[in-house]
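This structure is in structure tokens; I'll ask about it shortly.
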Amino acid sequence: MAMLEKACQKAFGKALWVYHANTGACNGCDIEVINVLTPYYDAERFGIKLVGSPRHADVLLVCGPVTRQVAPALQRLYDATPNPKLVFAIGSCATGGGCWFDTYSTLGGADKVIPVDFYVPGCPPRPEAILYGVAVSLGLAPKTVGAELLRQESVEELARGESIVGEVRP
Amino acid sequence: MTSALLLQTCVLLLLGGALVSLACARNRALAGWVSVAFVAAACVPLARVVVNVFAGVAEGETVLLALPALPARLTVHVDALSAFFLVLTGVIALLSTLFSVRYMEHFEKDTVAKFYPVLLVFFASMVALLVVTDMLFFLVFWELMTLSSFFLVIFERERKDSQRAGLKYFVITHAATLCMIAGTLVLWRQAGSFSFAALQDSLGVLLAERAVVAHLVLFLFFVGFATKAGVLPMGDWLPDAHPAAPSGVSAALSGVLVKLGIYGLIRVFCSFLPVSAASDTWGVVLALAGTVSLFVGTLTALRQTDSKRLMAFHTIGQIGYICLGLGVGVACLRTSPTIAALALLGALFHAANHACFKACLFLGAGAVLHRTGERDMDRLGGLAASMPVTASSTTVAALSISGVPPFNGFTSKWLIVAACILGGLQHPLFLVLGLVGMFISLVTLASFLKVLGAVFMGARDESRSVKEVPLSMALPQVVLAALCVLLGVFPRLPLGVLRDAVASAVRIEVPGADALLGTGFGLGLTAGGLALAFWAPLVVVLALALGGALAYAIQRAGAAKVREVPVWTCGELDSAAAVRYPASSFYLPFKHAFAGIYPALHARVPQFPAALRRAFNVDTWLYRPVVRAVDGLARGVSRSHVGVPQVYLLWIAVGAVVVVAVMLALTR
Amino acid sequence: MRTIVVVGLAVLNAAIALLLSPLLEGLMRKLKATIHSRIGPPVTQPYLDLLKLLGKEDLRTGRGFLYAAAPALTLGSVLVLATLVPMGAAPPLSFAGDIIVVLYVAAMSAVLVMLTGFGSASPYASVGSSREMMTLLTVEPVMAVALVVGAVKAGTLSTAGILAWQVEHGPSISMVIAGVAFLLALQAQAGKLPFDIPEADQEIMGGSLIEQSGPRLALFRWAMWAKQLVLAFLLVELFVPWPRVGILPFDLMLALVKVSLVLVVVALVDVVNPRLRIDQAMGYYLRVAFSSLAALAFAVIGM
Amino acid sequence: MLTSKLREALICLKAGRVTLPYPFAPHDPEPGFRGKVTIDADLCFGCGGCANVCEAGVILLTDSGQHTRVLEFFWRRCTYCGRCQEVCPEGAVKLSQEFQTATNDAADLYLRLEVFMGPCQRCGRCFPPPTPLERMKRTGFRADGEGGRA
Amino acid sequence: MAKGNGDAERVEEVLGERLGRGIIAVGRPQPDTLLVTIEPGTVLAATQALLDDLGARFLVSVGTDRRPISGDFAVTHLFSLDQSHLYVVLECPVASENPEIDSITPLIPGAAWSEREIRDVVGVSTRGHPDPRRLLLPDDWPEGVYPLRRDFPYNERPPAAEGTRPAWVPTPEGASVVTLGPFFPVLEEPSNWRLFVEGETVVGCDYRGFYNHRGVEKLGDSVMTYNEIPYLAERICGICGFIHSTCYCQAVERAAGIEVPRRARYIRTMMLELERIHSHLLWLGIAGHILGFDTVLMQTWRIREPVMWLAEVITGNRKSYGMNTIGGVRRDVTEVTKARILEVLGPVEKESLAVRDAVVGDTTLHMRTKNVGILENAWARQVCVVGPPARGSGVRIDARIDHPYAAYDEVVPRLCAHDEGDIWARVLVRIEELLDSIRLVREAAAGLPDGPIVAEITEEIPSGRIGVSTVEAPRGEAVHYVLTGGDNRPWRWRVRAPTYPNLQAMPAMAAGGNIADIPITLGSLDPCFSCTERMETVDVRSRNVRVYSPAELLAMSRRSGRPGGGS
């Protein structure tokens, strides 16, 4: 029985059913999300498929800045999705609010309302970038970005011969 | 004790109960419980009679009263067929009376003085007419039954629809009775006696000598009984009358009263009618009439949103099934007795099953009406949580009537459809009728899924707090639902009994139960050594249990957690009342396709001069004297003024004379 | 001994329905993907889907025993159906149910799905269940006519009897027509386009099953796949059972190949059609039902 | 109708399977693609032009101490318009070809550059010391010009 | 525009007759634009005259807060005289004490939303409006707070009002509600349709949209300059971004009298048409998807994908090209890219033709699309529907022909129209346009003139000028209205996306239909909620930067980093 349970958990990553939620996006990301399912990119290779009801979903794809009007609905959507679930923020708006991150009628990125598991920046992200995000979430690919801390040498450091330019925190 | 004595006890108990309940009608509950007690008591001798019959204790006819002038004799004889219908009557009478005790509470304005006594008289008349073997007395009791049921239908006489329903019922059934009287008179002239045996012989003679008249007589009987049974087009009274009556009565009307029409049809077409080419023809007529009513009745039922009206239309449909089985049986009597026996078996079994599930459904609808005051299913929803017992028993009954295996409705439909298809090997017409039967069984399913979906499931209306009905109302439903399951899963026993009933009704040799139904624990129809059809409910239930258990094990394999959540409405919240899918919305495209199938007549209730109305006021000439006589009950008597049917009665009387004259002229 | 054989065969049939149905669904998806010019999911994807769903949370909006037990009963009823249908051999439980029982048991799973839909109190589910019912109303008669044709030909309602008759007598006009009608009905029974109206993800978001999640959804889906497999078996075994050598493994393999072909046809029709509206679908199936009455007429005159 | 279905099938079959092998094989963007922002720390002299034109307000400028200007790129909300690259006089800010930027941690989408600089006292304009020697010479200038450069 | 001149005089004449002294002033900011300032009391008479006597078509209404300049509000109604290639701008000053004006919705049903929006965002209410419910602010937005008034900071988020409920239309008796959205699978964007259904039949519907309202305009209010807004405009819509940025740039260019080089105009034309190609292919796929016909989705998107790659080659991004700038375009189309364009278009055209041939005979598709979602010609005119929905109903308008812009005076499009008004007609219109667009791109590429790609802007853009620009998006005609201000920013920028009027036609198309037909009916409008629900715009951040030539701009922009604004 425990073995079966484990198998069920293992299967999670191999059959991600996706619910696509536009929370105020401009359509760019939404179209690219659909594009990922089309022949050239074919996300269904990885068992990913688009579903119509949040009850069937394993993954919420959130596109767009969360507008004030849509925020309660997004919260309800999150609650309506069975655990375990992943939330992907697709595009710059969902990851960080885009160019409307601080306007009166948006709340910013998706993580202002619900917990986000993966961020896929881009405006809009290329279909490849979305696929890459999926690959990262499935552990098929390592993430390549990290916070970068760059610094020009100061006089003192120059004098000491130290330089930390270009260090990347993984 | 002899059967006759037992039956007299039974009837007297019922009549006594009527008087006692009238006497204590002031106390509603007391009157109710008294009635229940008397009905229960009456059931004891009744049960004894039935047991005797099925145990094979042979008894001859007993003469209780003779009218030598006519000559007519009040003879009593219980054969297996009568016994079967007595069982139905007893069970339904007891349960519907029990249900009515608390149910009558919500008719605050109306006195029960015009309810329990009439109800008990109604039961008594049914018992009586089932056991007499003399046509004159049969007709007398028939009329008594019709009248008493008429008063039950117009119980709520202030309501316009009750008035109209009562009027329609009165007119149509009396016209039917008239037909029966006319037919009887013709045969009586030939036989010189009203006894069944004599009439049977005279019909045979008539058929040989004057076939036209014989067929006319058969037609009159057919119209007469089919009207009572609710076969369309004569059964048009039914969808109005059943909903109008209090729910307990609806159950009795639908469970038993209409079955007596079937009883009559069986008596006429299986016992009276000799097995001949004529029986082949009349079999086809019966089957066609049955198919028409099941087709039209059920499809019309699908369009109803009033729960009781819906069920009334289904009564028409289900009677259609019985009639179809009967017809196939009668038609096959000559050519293939086995199939005929199977078809008749199916018809009778369906009659029994229909009594169970339809009574249960009416009681369920009554329970909902009692608690919510609503019959309009558009306004109901989500009651399963607050009325679990009613919901469960209604679900069982609904699945039964829809023919979902392994409930009882499926078994009888299976018998009828199998008989149709097997009979269809000789009469290809029956193939089509059988297919129609299968299709309509789906329509029934659709219709009752609507009832379940709209009334018990769906969005709960939080604004209305609804409680489950009290035990005395829940118990009858549970008993009937349990019967639905038991009869479905263990069909051998009832079918064995029914074989005797069939054997006693038909004039051919009926094979034994094993030869008909196979020797296994299920049903295996065989004919001439060839296995024809199989249905073993126990095996299927067992397999379903195993399969379901396996499936449940799979379901739990991932140890999923359960969480209760609100309904997903795309992210916005909406009130339950707004998003509820009302009954009228179900299957609209399909309903549109059959919209014109049941023509709606918009007849106005005619108005009559006040004087006439007063003259024919039932309350004045029937109740008030009686009620006055029994101390101080007059106050409770309603002051309503329905008089319309009585005028029709007059017309009918005139018409009857004319028809009889014509008949006599014809037979000369 | 006979009991053991019967039980053994019944278990075999149920196992085939249970274990092979996701594979065939996977094949259909692969085919669909190929038509779509893409790679598509692996053929084992349905198994993964089911496994995943079994491990997910079970969200419920309805209450009551029937609602709770509906998924298990649905799958159970399909397993029962599997034992009533021939798969390479005579149907193991043919003594327990004839074609009428087969038809009604086949409808049972649909009934449970509809009840679940109504029970979940969602307007979309109600619309879906309502559509499901309407589809059933017009599709079941087609299946009924097709099977009754067999009954008329063989003179018995027993599935085993019809199978034996058909094996013995070879093809006939009426059975061919009936088989085609049954194939058309299969399209809707399998819930494939253009008749996936009751589910219609783009209109009512999954219809009756919109509120079902996790293991419940898995069971319903599984039941649906199993049902389409079982009905395909019924089609190939009753209408095209030849050649028949009488050796179970061989006959079973052959039947499986035929079933795959039937499902390929179903998938092909699925992929080149838009969804019809419910009234159009009903009209279509009514026409099919009436046309298939021709098969009945042929059968009656012995063709 | 049937010919129509056949035609549809033909379109499908003619196309064959077109799925790209990505992510198992790279699928690079076209040259000129605007990807993740990069900055050449050595070239930047902290003029803040990029911050001024950034429509999404990605770039935050703060002066810390006397000769450190901090440029923070909160590029999680970057719209990849390329204006920063366009206005950068030194070509320090560039949009790379990199698009594989998915991550599980929003903090990864952050770039911080500490520019060592000295503002001109007269015009208030920042300029970088061209050579290390010059830089050493120019310490001591303060960033207190107009415009409230924080 | 000689013809325009004559007609402008006629308009002046007619209005003069009808209004008499109601006319305050008449101006001609551009040769094809007539600016008429009238007394607010005569707005109904003026509208009536424009509609009846001149056959004008309503575009949009704009509410402007002019209190800091002239102490009043302005309500501006824009009209187009398509035959005369003339815009008529009807400006009504509204006193600031009691901001109220007569509603023109009774005359023009299509003005309903515009006027509701004006009430919402600047607080000028309309007398006699048949449906004065809130349109675009969130449900919990407090009453009396008007985000587009000048004194409202762009980033203020007022606390939620208590106990607010969405203003829904009451449910008709006997009907139940089926909600579509805000999250609904085929609505790629959030919007809330409440369908009133009896069974499967839709007896009515109610729309609560503007879930996508992001405050585009007000954002500009504090952050944007003339030259930044194109990037913002682009993000009004991810599919037709280039259309919006072009439309905005044209409006500013027209207001400022900037002459755009011909090469830039040709490049804009090519991009616009490429966008139409990918948008129409996209729509065809989505329409197939809505009908469950995923093969159509897969195949059309497969055909479309090379166009997206092409966009990446030309502009550096698949969408949100970042190509436009005031006065021209940022990137040139080289000979190499031109060759690439032609190379891609070949197969696209071939396959589109194949798809057309296959789809046109597909009777199952006809069953779902013919005689479904019918938009009557008369009603289409009344609610001022634009684009393929209009042309599918026999309204022969096309901004590319009626108000030629970019290079459409030389690369002339074909007007594709059908009269049936059903979904199938819209499908045909789009397929024909798709094929026509391929021709246009080829012609534009062939005729691409030499020269600069961006105009040198030497003077500051004067304030107080108006510019009206229309661009034919794949979805229909987009309208941008710009009122220039000081400080290197527009005072008011109003965007009317094509979906804005088209959606208003939806209830009429839905009523009496089937639930199953609703998604495809809605889909056949090719709705773009994000466009619709933008929110006008603009004022600039507080710092004073004039518009100069790109070089100067570059220099200026280096002056300072923007403080604050962290995440």
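Quick notes on this structure:
Labels A, B, C, D and E are assigned to the chains in the order they are written; within every chain, residues are numbered from 1.
The rule is simple: a contact is a pair of C-beta atoms (placed from the backbone, for glycine too) under 8 Å apart; a residue touches a chain by one contact, two chains touch by 3 or more.
Treat the numbers as computed from the prediction; the structure is a model and nothing was measured.
Among the remaining chains, those touching chain A and also chain D are C, E. The minimum number of touch steps separating chain A from chain C is 1.
On a Cα centroid basis, the chain most remote from chain D in this structure is B. In terms of Cα centroid distance from the overall Cα mean, chain C ranks first.
When chain pairs are compared by their number of contacting C-beta pairs, B-C comes first. Between the CA-based centres of chain C and chain D the separation comes to 57 Å, rounded to the whole angstrom.
Distance between chain D and chain E, defined via averaged C-alpha coordinates, is recorded as 31 Å. Chain D has its Cα centroid 83 Å from the Cα centroid of chain B.
Centres computed as Cα averages put chain A at a distance of 65 Å from chain B. Across the assembly, chain B contributes residues 557-559, 561, 563, 565, 568-572, 579-581, 585-587, 589 that each touch 2 or more other chains.
Under the contact definition stated at the top, the residues of chain C that touch 2 or more other chains are 35-39, 51, 53-59, 123, 127, 130, 201-202, 205, 210-211, 214, 272-273, 278-279. Residue positions 5, 8, 12, 15, 17-19, 29, 55, 57, 74, 76-77, 79-81 of chain D are each in touch with at least two other chains.
Pairwise, the chains that make contact are A-B, A-C, A-D, A-E, B-C, B-E, C-D, C-E, D-E. Those residues of chain E whose C-beta lies close enough to touch chain C in the complex are 176-179, 184-186, 197, 199-200, 288-296, 298-299, 302, 364-365, 367-368, 514-519. On chain B, the positions that touch chain E within their shared complex are 378, 569-572, 574, 578-582, 584-589, 591. Residues of chain C touching chain B in their complex: 10, 14, 51, 53-66, 69, 71-80, 83, 93-98, 100-101, 103-105, 107-108, 111, 114-115, 117-123, 126-127, 129-130, 133-134, 136-137, 140-141, 144-145, 148, 151-152, 155-158, 161, 210-211, 214-216, 218-219, 222, 278-279, 282, 293, 296, 300. Of all residues in chain A, only 39-42, 45, 92-93, 95-99, 101-102, 109, 111, 116-123, 125-126, 128-133, 135-137, 140-141, 143-155, 158, 165-166 touch chain D in the complex they form.
Put simply, chain C touches chain D in their complex at residues 34-39, 272-273.
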